[in-house]
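As structure tokens, here come the structures.
Shared between the two complexes below is subunit A, which has subunit B as its partner in the first and subunit C in the second.
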Partner chain A sequence: MSSSSVLEEIRRAEEFLVVGKGVWRIDALDKVTGRARFTSDFVLKDALHVRLVKSPIPHGRIIEIDAERALGLGPVRVFTAADIPGENQVGYALPDQPLLPADKVRYVGEPVALVAAPDEDLAEKAAELVEVRYEELPAVFDPLEAMERSDVLVHEDRGTNIAEMTRVRKGNVERGFEESDVVVENTYRTGHQEHAPLETEGAVAIPDTQGGVTVIASIQYPHLCQRITARVLGLPHSMVRVIQPYVGGGFGGKDDMGPVVSAMAALVAFKTGKPAVLVYSRRDSFTSTCKRDPSVVRYKTGATRDGRLKAIEVQIILDSGAYANRGPYVLWRATMHAGGPYEVPNAKVDGFLVYTNKVFEGSFRGFGNPQVQFAAESQLDELAERLGMDPLEIRLKNLLRPGSRTITDQLLESSVGIYEAVKLLGEKTGFRAKWREYRRERAGRVRRGIGIACGYHGISTSRGVPDWSNATVILGRDGSVTVETGICEIGQGSWTAHAQIAAEVLGVPVERVKVVGGTSDAPDTGATHASRGSSIGGIGVYVAAKRLRERLAEAAARLLECDPSDVEIREGRAFRRDSPDDYVEWEELVQAAYSMGYEMSATGYFFLPKGKFDMERGLGYAYPAFSYIANVAEVEVDLETGKVRVVRVWPALAAGRILNPVLVEGQIEGAIAQGMGYALTEELKFEDGRMLNPNFTDYLIPTSLDVPEVEAPIYVEDLYEYGPFGAKGVGEMALIPTPAAIMNAVKNATGVRITEIPATPEKVYFHLKEAGVVAGE
Partner chain B sequence: MNRFNTHIIPVEFEYHEPRTIREALELLARWGEDAKILAGGTDLLVQMKMRRVEPKCVINIKRIPELDYIREGPAGVRIGAATRLRRLERSGAIKRLFPALHRAIGWMASVQVRNMATIGGNLCNASPAADTAPPLMVYGARVKLASVSGERTLPLEDFFTGPGQTAMRPGEMLTEIWIPRQPEGTGSAFIKVARTAMDLAKVNVAVALTLKGWSAFNVRIALGSVAPTPMRAREAEAALEGRPPTEGLLRRVGDIASEEIRPITDVRSTAEYRREVTKVIVADALRKALGMVRVGGGVG
Partner chain C sequence: MTEPRVIRFRLNGEWVQLGVAPNELLINVLRERLHLTGTKYWCGIGECGGCTVLLDGEPVLSCLTLAVDVDGREITTIEGLATGEDDLTPLQRAFIEEGAIQCGFCTPGFILTAQALLRENPNPTEEEIREYVRGNLCRCTGYVNIVRAIKRAASEAAKSRRPGPAAGAASG
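== the complex of A and B ==
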């Protein structure tokens, strides 16, 4: 299929029957009736329960693991690095992470051994009795310190604590700053964020009769789990089967942790010949799974008097914790997005990923982007302030448009809807008038403020990293439709979108489509991350369904005695365009096609074309497309308690075709809540590398009562040529600008710029006090 | 040993469901300190899962009808120790007579938790952050303790002796809370500073005062989460007692209260912030209480 023909078809289509409609989630009934089954619902009677033995120290050599007392308790088994039959390696970007460490531990909470027993109590008790002797090593916790030190190394063999460096060199920043009339420079800091999925990480592994293993797990990429598990067990990939049941939230964390828990459970099942179940406790989920990388971002921006951006110079330091995991990719994304969705002629960006002796970081909705957008969007407001402009004006002056180039010098030919989105958003919210009024008022104890922030997010993998879509569509003899995909349903609604795409292309009601996803039995569709589940994942479904549709049109033409091009198939009927009353029912049509010798299953594959990227200068083709977002937030700040209340948020999204507005709204609302938690309350506290609040009593995510009113989103449907029906990604978008929108609103309310999140009441209170802002002023 | 929530109770214990107070007291007498009373379990079960307590015997008092009541009498209101928070929240008498207590309860946890949790459990758990303690203290509530050898009552203020520590002796249980009616012209209020809508207090405060003419009398201020036990701020009370509650004075009273407390820095907040915010919310609560009297919402 040539790409231009797809786009042409989409453009030509005037009306859709299923796509773009608020179709019911295909999993809705299962979930509201409680029929939906999650990983821990698959525990078999004779299963062994697995518990982790975790490191109590941040850095140390493992001298000895003594399991004698644990084994003395009864039918207990203990597994360590020495028991791993294959390769003890689960590192993603770099080969630096063992499943279970053999020589040393690098953070408090690192699993050093697995304990298995027939019941949970016994496993728990036995895990406490495994004695591990360590020789403690000095540890580093602060990334700025870790960068400078070579005497304390988290990974000795690397010779440095810097795991990865990235850069962008566009134009000439020295000249850019010389040509600038104002220059603003600040340092921004962001903290950890825990994914806090309702369902913790877990896997059930069942040995099969052929020497392999089947894993049922809470995951985001079955084929990656298959690959890592096979590597750890020393098996061919085909001997490991991975199945995703319903998943109670992923947010990126289960992309990284799915393979780890799968491999752990599989190791026990493989060594014992018994089913094994490992479900992380909430505490494990806090102490021993990846988080969002904390960051320090130094940001210098220059602009001319009329508000045009001239240059940026940015240094990004991400704290990777004990392992690199996805860090290098997170850092690349942060680096390439550092300019925000604006035209910046001169850019110099340097990124550093730094090891420390804390829990490792990894994928999380936004993937490095929220950290830099917080800085970039705060900077823009500071610039506007110095120039005497309002925040809307400076954005409209600099936003990307079709024909613009990004800071990696990528030319954006089309599908760039941010300018229009921001313009509409400004009008809808009455931004300017409110912003001026709140700024003028600034009186009393509780102050109101309004803020805007934008964001953009590359869809698919970055740079030249290959990306593809792949799916199988099968028509049953009874006319039922099965879509097989590796894309996971993690609550976001991708399977519903898949069903909509298949139904639209085939011309059947959406209820006829069943999606079998999240399994290694389906074609490798890549991971459910990077906002690619429905957008990239859906392309394969589109292509496969298209193939079947062509065959069905031929079969129908024979039945209706016309040319295939005159056949129309819609709502489960095939007919001649010129005589709709003369039709064939869908079931008849499929059966006839079977008898006529048409193959009624098809695979759809699409390899995304990508351009060149120069890693030396960080220039070139960064992503196949970008989605765009802008949020306006209105807040109230209590000067005397430092509490920030987000009253209302207005989102505007330019993400191509909106396949299902109800699902998209769900994603936007959830992302705003998660972004608000990140900005205001969610804070992991550490003391000598030990997490002080690994629980929901003291790690505070917003409750339904804290979440602000989210207004109906503005959609600018800037169609993307390769997306199914022109769709781009949505899932991560609304989180990205939320912290900056809130902090810009706080500035509008109080005149004080807060450069560090989470902005807890304590922080806000003392910042305001320092700045001399008091009530009644 | 682990001290975190494993979501299982890895200890064995005997379990009893007495139907009368008498039976419960006999079990308590038999098991002494090895027994734990289970009411709503919203504190106890968490602690057992964390193995902070490992009782050999658990006595469930939620099947005892004589512990579940709200009785309004001429002198005050009597509340059975095992009365659920949700029931108190929905009680017209509590709302009318003791608005600060009503507010505190409505602000606790979530509806689901309030459907299980009891007022007696909140007090006996003796957390410095217990939200029902400050309002009950400002209303001058008394608690009744019973054992096989008899009953005694004491002011709630004397009940708390330290974090998780109370004046209850082995073999004793809390059976009733008594709250006296407040004099004509009394206003009261409760304020909590927390991080989200469902959170334990960083600081909580309850106040009550009676307005006679232009002056405030019978001033009571109690704070939680700022000392090892919920506490009265007596110097702050004295500063306002018998004087007209001017804006300047209310602020000064807040400052005095802030000097009286003994906060610590923990994961929930810093000592410094607790001191700062205490100033503000004490004054806020006093203003609110005054507002209630002035609009005629005072307690009759």
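== the complex of A and C ==
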């Protein structure tokens, strides 16, 4: 279908019954009754249990892997790089990552071998007995140091530890700073963040009768798992089937780890002819899966006396750990979002992705954006302070609006609702008055503060990389509706949204629709990431359902003896618009259509039109659209303990049409909690590359006692022309500005700017003491 | 290896009997031997609450409970609450209605813990709820809707307990 006719359809589709209402999640019943099955719930007889043998050193050559003692334990098998029949390569952006390393290890926790045995305890014991001899190499842990060194290289063949460089050059920053009345310059640091999905990574692989393998795994993109697994096994893609059961949280990590665990389990199944179960222990999930990239961001901002931004100069350094994985894409996203959702006429941004000998980094809700927004939004408050303005005022002066250009010089013609969202948010929260009051007070042991921060996030893939949507809709003879899509359900509710779209277009109750998603048997719909699951993914469903609806309207017209354009189908009935009492029931209609010879299945495909991007200057079409968010956070800072308590958060979202308010609220609340953990407590500690706290006792994710009240969100429905019913992405949004909103509130409460997260109580206390806000003992 | 021991306990209303090793954990008996996979396992060391089941009505972590210790007693898992849409408990219904479910991995543990809470304290305050479920982690929802769902279930149960004016709608 051409893009313009889809567009027209989307515009016409306005009077909706189901969309926009909080219908029950289609997976809710399975999940409250314990019937929902996750990867590790596929308990198979005769399955082999797989455990990892992991590197205890951060950097070293593998001299020898001796499995003799392990094999002596009984029916045990050990697999190493030498057993891989296909290509030993799982790198995403760069071909730098083996499934199991053949020559050297690059981080503590890197899997070097797989051990399989009929029961878990035996596999565990055998894994401990595999002896690997290493020749240790000097290691590098600090990205700033790694950038400069060429004597210690994580990947020798690359000749440098810099895996990727990015840039944006807009206007003339020198002139911009000359024209500025104030210039603020700071360095910001953010730490690792572990996804900590409640369900750890895992895969079950079952050899099939035709020499291929079926994989059931905790994933975010079945077709990518299929490609990588097939590559590792040396099979055509068609020989690998991937199925997603229920997934216990993804947050991006399972997009990256899904293919790895799939390929590992499949390797064992393929070599042994037996089903193989690999479920990462919580410890494995900490030590050996990707995290959010730690960052150092040097940020210089200039503005005129009246608060207009003139120029930014930004350097972003992302610590990629041992492998590049998604890093180049994460870095590009960080680079192109470095300005925040503001008009900045002159921008110079340089990004560096740097290898170190630590666990590798990867996709995580926000994808490079939280790191830069933390810096950008802290800067803005500092600038306001210097100008004697309040944080709201400076934002309202500079926010993007329809007709604005981003820092990549992309023209935003429409669907830019952030200005209105911030305005409403300011009014709803009484921001100015509170901000002034708290700033004046600043007395007592517990100080209150309020802070605001904004964020924006390009939906779909970056830089004009093609994006598409594809889905199949099938009507059964009994009137049931099946939607097949590659989009995964990872808790965010995409399948419910898909069912809603199909129900809406076809005119049936949503209960009729079953979504078969997350499988390589469906058309390749791209990954469930970049907040594209419901938005981009939903378009294919829309197009396919539309085709069927046209056929059904024709069939109904023949039954009702009228013109197809006079047929209305709603709530499971087809009738003539002028005489609603004259109707055909849905089942009857579908059966009649079958016997009249209409094809009752249809595919929907949509290729998202994109513009050009100039990589040299980092200018041009970065994203088809942006979603926008602003959060206000109110905090209490205990000066004696350094503990920051987030009392309340008010979100405002401009993400086009809100398809299902209950699901959207859930995404916002969850993202705020995760953003709060990121900002305050979630700290991975390392010593010589070894993780010191790989458990939930020492790595603190928010509990029910820590999370703030989240007020009902403000929605500005700035409809997006290519989104289904005008929807944009939601899933990542509310995390992005949360750290800055909290730290801006801490500043409001105490007068102290903290430029480093997580701001654990010790760190906060240290900064307060350093600034003389609390007296040292 | 020590001898297996035969234990007998009531599981979701029915007596079961099986031989277990003295060090065998309840969670493994439930998930691997009885195929009741609604009970979730994700830390194995008592940090998450995902494996919560009710032992004589009290919440316990099945990853830290020895199977031999439930001999002669009563265990309720998530599978024991409802068979389908029609017999959902007020808590299950409230979890759905309030959007307290995202990935659903923490849901069984939360529902069982909340059930024990409401038995002990039918009308808990928000703080009491947050305090009681603090050992159950959720990475998806931010807990907002979970707390709301528990409150709703409590107030609905209160309504059905109090037949007076609330039921007599005509009087309003």
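To be clear about the criterion, the second predicted complex is superposed on the first by the 760 of 777 C-alpha atoms of A that agree within 3 Å, B and C clash if a C-alpha of one lies under 4 Å from a C-alpha of the other, contacts with A are read in each partner's own complex, and residues count from 1 in each chain.
We adopt the following convention: a contact is a pair of C-beta atoms (placed from the backbone, for glycine too) under 8 Å apart; a residue touches a chain by one contact, two chains touch by 3 or more.
If you're wondering where the values come from, they're calculated on a predicted model, not measured in any experiment.
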item	value
Contacts of A:695 with subunit B and subunit C, given as first, second, both or neither	both
First (subunit B), second (subunit C), both or neither touched by A:761	first
First, second, both or neither for A:281, with subunit B first and subunit C second	both
Touching partner for A:198 - first (subunit B), second (subunit C), both, neither	second
Partner chain in contact with A:121 - subunit B first, subunit C second, else both or neither	first
In the superposition, subunit B vs subunit C on subunit A residues touched	C
Partner chain in contact with A:703 - subunit B first, subunit C second, else both or neither	both
Touched partner set for A:647, first subunit B, second subunit C, both or neither	neither
Contacts of A:248 with subunit B and subunit C, given as first, second, both or neither	second
Partner chain(s) touched by A:673 [first = subunit B, second = subunit C, both, neither]	second
Subunit A residues contacted in one complex by subunit B, in the other by subunit C	281-282, 695, 697, 701-705
Interface residues, subunit A side, partner subunit B - complex	120-121, 124-125, 128, 281-283, 640-643, 681, 685, 692-695, 697-698, 700-706, 760-762, 765-766
Subunit B residues within the subunit A interface of the complex	1-2, 4-8, 10, 110, 193, 195-200, 267-270, 273, 276-277, 280-281
Subunit C-touching residues of subunit A, taken from the complex the two chains share	22, 24-25, 27-38, 40-41, 43, 195-200, 246-251, 281-282, 490-493, 662-663, 665-666, 669-674, 695-697, 701-705, 707, 709-710
Touch list for subunit C against partner subunit A, complex	31-32, 35-45, 47-48, 50, 77-79, 81-85, 88, 92, 95-97, 99, 101-108, 111, 129-131, 133-147
